[in-house]
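Next up, some structures in structure tokens.
Both of the next two complexes hold chain A, though its partner changes from chain B to chain C.
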Partner chain A sequence: MKWLFIAHILFITQYLSAKEIVVCKSCEINDIQTALTKAQNHDRILIKKGVYISKNIVINKSIELIGEDYPIIDGEHKVQVITVGISDVTIKGLIIKNSKSSYTDDIAGIKIENVHNVVVEDCRFYDNFWAVYLAKSDNCKIVNNIIRGSAKRETSSGNGIHLWNCKNALIKNNKISGHRDGIYFEFVENSSIIGNLSEKNIRYGLHFMFSHHNEYLENTFRANGAGVVVMYSKHIKMIGNHFEENWGPAACGLLLKEITDSFVSQNVFYKNTQGILAENSDRIEFKENQFIENGWAVKIGSSCLDDYFYHNNFIGNTFEVATNSTMNNSVFSENYWSDYKGYDLDRDGFGDIPHRPVRLFSYISEKYPQVLILLRSLFVTMLDLTERYMPVFSPETLIDKKPLIRKWIG
Partner chain B sequence: MKLIIPVFLALILVSCRNATIVPIDYGHDQCSYCSMMMIDPHYGAELLTHKGKAYKFDSVECLAAYYQSRINQKDVKSLWVVNFRKPKSFIDASKAVYLHSLKLKSPMGLNLTAFQNREQIKVHDPILSWKAVQKLVYQKWLKGKIKHQ
Partner chain C sequence: MGDFIFPVFFLISFGLFYLGNEASKVIASLINIVLFILPLVSIVFGTMYFYNSREFMELMLAQPINRKSIFLGKFTGLTLSLSLGYVLGVGIPFVMFGMKDYSEIATFLTLILSGVCLILIFVAIPFLISVIFEDKVKGLSASILIWLYLSVVYDGLILFMIVTFSDYPLEQPVIYLSALNPIDLARIMMLLKIDMSALMVYTGAIFKKFFGSSMGLGISFFSLVLWIIFPLLAGLKLFNKKDF
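Let's turn to the complex of A and B:
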């Protein structure tokens, strides 16, 4: 009890010693750098509304940097706007804009390097080269930010939220657009990406490279070069996301390349050129996803082993499944296919004959993309029909033996 | 009808051109090895075959991996990499020098950047030859798991 009391006293004195420094244009302290030199650890710097020019603000004390009515911190395209070089910093309620552009130095709106426990909350980022850049930093939170880049097609931009070599990060409820990749993970572990909207980025909505044991849940990826690209990673959970309107000759909702032991469930793939494109990806469970009105719902390479598709709905896709060889090492079972032509005479809820989701024509168009021009022709319809009744080319094992007769609704 | 034949002939002739480097359309083209969209004009590579086909890559490491694992090396006519100092312009892969440094992060994470010569490199980090690059990529990516497609 005594210890508790002492601890309590210590806590209170700690609390009392923390002070608030107010920065405004007409105040005694009218720029952020001066406030930082006066501040002690655990202080709070309150910035009132106004425009502040950054000459590379370096935060080297564990403080809270709080904006009131969104003050603007402007890098004037000359510097990195804010650099965080110490742990336990909170940045909240600021507008951060116009960082310098550089291909060699990775210059950002906020750069967080070699530290822990940094929170960036409720900020807005406009026209930065990279918006938020984390390197070798653990336990950081990037929450409720709005990030707008000005990237043109010609690649003049970095990523919205970029993590390199980090652990235990939380990226939640951000809105990101106009960057190269919306969110980019390279060598990141045990992190979560939840409830973000990533749209109209030049390349990808979300991009994983060499990042294991991560999850992304309930995000929306709309109209990016491709929705989400997961490469060279293991143990990724992808649940409840929306992949929408990723149109283009090679665009896709979700590209999986060299992924193993992962879980893709309850996602919606709507109007993408390709819903899922998987190569060299093993032991992945695809469950309860909705594939609606895509060009190709699923393209699965023959290099994929032991993937398992069940309880998915395939509705109104031009091609349901395509593959690049007559070999297949994946299992499709109990999915709903809107192209299924069979009946359920014994009324057990499953079609009486197996469904073959691979059309012969999709196999041909995989090898010779130019033939797609014949897609709606009579010839192709006959070709598919013949193949359906006398299968020769389509992979013998790529069939759904128990196609659902009604949509899966959980 | 008279027009169609010459047009067809012209098309056939066009498609028979010699192997030359095809410029990379950044923000649009895909890497032939890793399927990523190419986006950074400081990086890129190309492989030309004797038949005249051009394969494009987003990075030096993808070129090295493709060259060693996905193609018969006898079919390869020439290899090209983008000079970091002159975005979008190509140099011969075997004559280029390769910086291996954390200070320049290449698109595929092996941190290899191509330059025309040593004088263009301003940091003091290891510089590799094309042979050494192939060895590095083999060790890091291909060893024990070359999958031919």
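Let's turn to the complex of A and C:
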């Protein structure tokens, strides 16, 4: 407590020594670049309302760049709007728009490279190529921003929030849409993605590669081109997220590829073509998730080892579980399945006969996709019934021996 | 007949809502019942009704009433009571419990509409059969055979065809083949409402595009109308000529 107090005092004295430079259209200093040259470290530059044309603003002093009533900083599609080249910078309350786009360079609304402790807060980004781009930068915070892109094609667009080779980042409460990937992580560690809304991006809501020990909590990923893709990572926590309405031939709520030792719980998968698609993903705990009205709730490849599904609710999905072989190395136990046809005579809350979530028809439709037109046909129901009682194609071990009779409600 | 259909569907839908509470799930269960029970009940009742009222019909024919109005009157009477029983039986529980948003109302209307179409078709068919066959047992077995063919065998043949000719692009033929079967048509209309997420995979998207387009809708509607008109007119024609 004492130390905290002293630190606080130190911070305040430092703050008091700093001066404030005001930038406005009718002021003595009327553009940001001039203010930057006059500023010292720890100064604050206050930008009043107005439109400022950026000729590539490079921040090379540890300052606070604060906007009042959202001044507009316009790159006119010619330059990178703001480049942060020094640590300990705060950018707050600006509208940053129209960065240049390029096929060869990663040009961004705000680019943060090789620096630490940068905060981007309460900003709005419109029509930038990349919105916020972080590379080799640790302890950065991207909080409460609204990011809107106008991406048309994957090849000619950039990501909303892009992190490459960073540590301890916090991405919180941002709203991202219209970019290629909403949030992109590559070689990022010990970072958190919390409470963001990523929707209508043309590729993925969240894209995650080689990034270990991260957590993403309570985000919403809705109607993105292909959902959320998480690959080649270890020790990931995904809790309380919503994956909604990711529709399309290859779309899924959550794609897991080579993810190990991770934890997926209390997420809601609603109306996705595929809820979870898992390949080569080992030792993952799927707990207390809701799968509601998806085409395929879970597609789990036989390459997955020791995954554990329990206390999940599977409600009204067209197919509950699909797999691609008769091998199964995962455990399903104590889940609620709305397709369960059994009974509970001893009234212990668990069905007396095991539930087989893999339907013969899902196996057939995997091989011959045209048969989808026979969905819910009486003939198909009869096929599924025979398979349910005399399994030939579906994995013998992919059963829930203790299916819940009532929905799991915590 | 309606006084049988009404309690059956009322109890089923009521029970489903009472146990399940979720309208989407109730609709999914109801579809199976509608596609299975409704054609069977209609076709069996239609056959029985025609044979059982044969003596009365002969009496009517002795009166100065033209045959057309007797035949169509019987048809209208039966379909009206069946449809009323069905619409009320399914509708009352829905109005009581369900229909929270626009999409659920749309699904409900599709369910009602395709159900009524199935009733019309599966009453028209046994009327034709009953005119053709003098013998009640023959007529009944023919009716059930047709039901079995349309609801089970036909889909089995399509599946067989898809698996056998899987090397060829079969999406279009499969679409037209299923548009020829009224039960399949009713089923696909419902699929487009409740299984959209699953249908969004590649081939499903083709089906959706076809049945969602105005041409697809036109063909489906035309096929349904043909299924009502053709057996009805053929039955009427034979009935007019029939020597009682």
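Convention: the second predicted complex is superposed on the first by the 391 of 410 C-alpha atoms of A that agree within 3 Å, B and C clash if a C-alpha of one lies under 4 Å from a C-alpha of the other, contacts with A are read in each partner's own complex, and residues count from 1 in each chain.
What we mean here is this: contacts are C-beta pairs under 8 Å (C-beta built on N, C-alpha and C of every residue); 3 or more make two chains touch, one makes a residue touch a chain.
Predicted, not measured: the structure shown is a model, and the values here were computed from it.
Residue contacts after overlaying the shared chain place A:257 against chain B, while chain C stays out of touching range. Judged by the touch definition given at the top, the superposed model places A:338 against chain C, while chain B stays out of reach. Legend: residue contacts after superposition of the two complexes on their common chain; A:316 is shown touching chain C, with no touch to chain B. By the document's definition of touching, of the two partners only chain C reaches A:375; chain B does not. In the superposition on chain A, no contact is made by A:363 with either chain B or chain C.
Using the contact criterion defined above for the overlaid structures, shared-chain residue A:269 touches neither chain B nor chain C, since it reaches no partner. By the touch criterion stated above, A:103 is placed in contact with chain B alone, chain C being left untouched. Contact with chain B, but none with chain C, is seen for A:231 once the two complexes are overlaid on the shared chain. Of all the residues in chain A, the ones that touch chain B in their complex are 103-104, 106, 153-155, 164, 180, 186-187, 202-204, 209-210, 225-226, 229, 231, 250, 255, 257, 277, 279-280, 301-303. Of all residues in chain C, those touching chain A in their complex are 22, 24-25, 28, 31-32, 35-36, 151-153, 155-156, 158-159, 162-163, 166, 170-171, 174-175, 178, 184, 187-188, 190-191, 195-205, 207. Across the complex, chain C is touched by residues 247-249, 251, 271-273, 293-296, 315-316, 318-319, 338, 364, 367-382 of chain A. Residues of chain B touching chain A in their complex: 26-28, 30, 34-37, 39-42, 103-105, 108-109, 147, 149.
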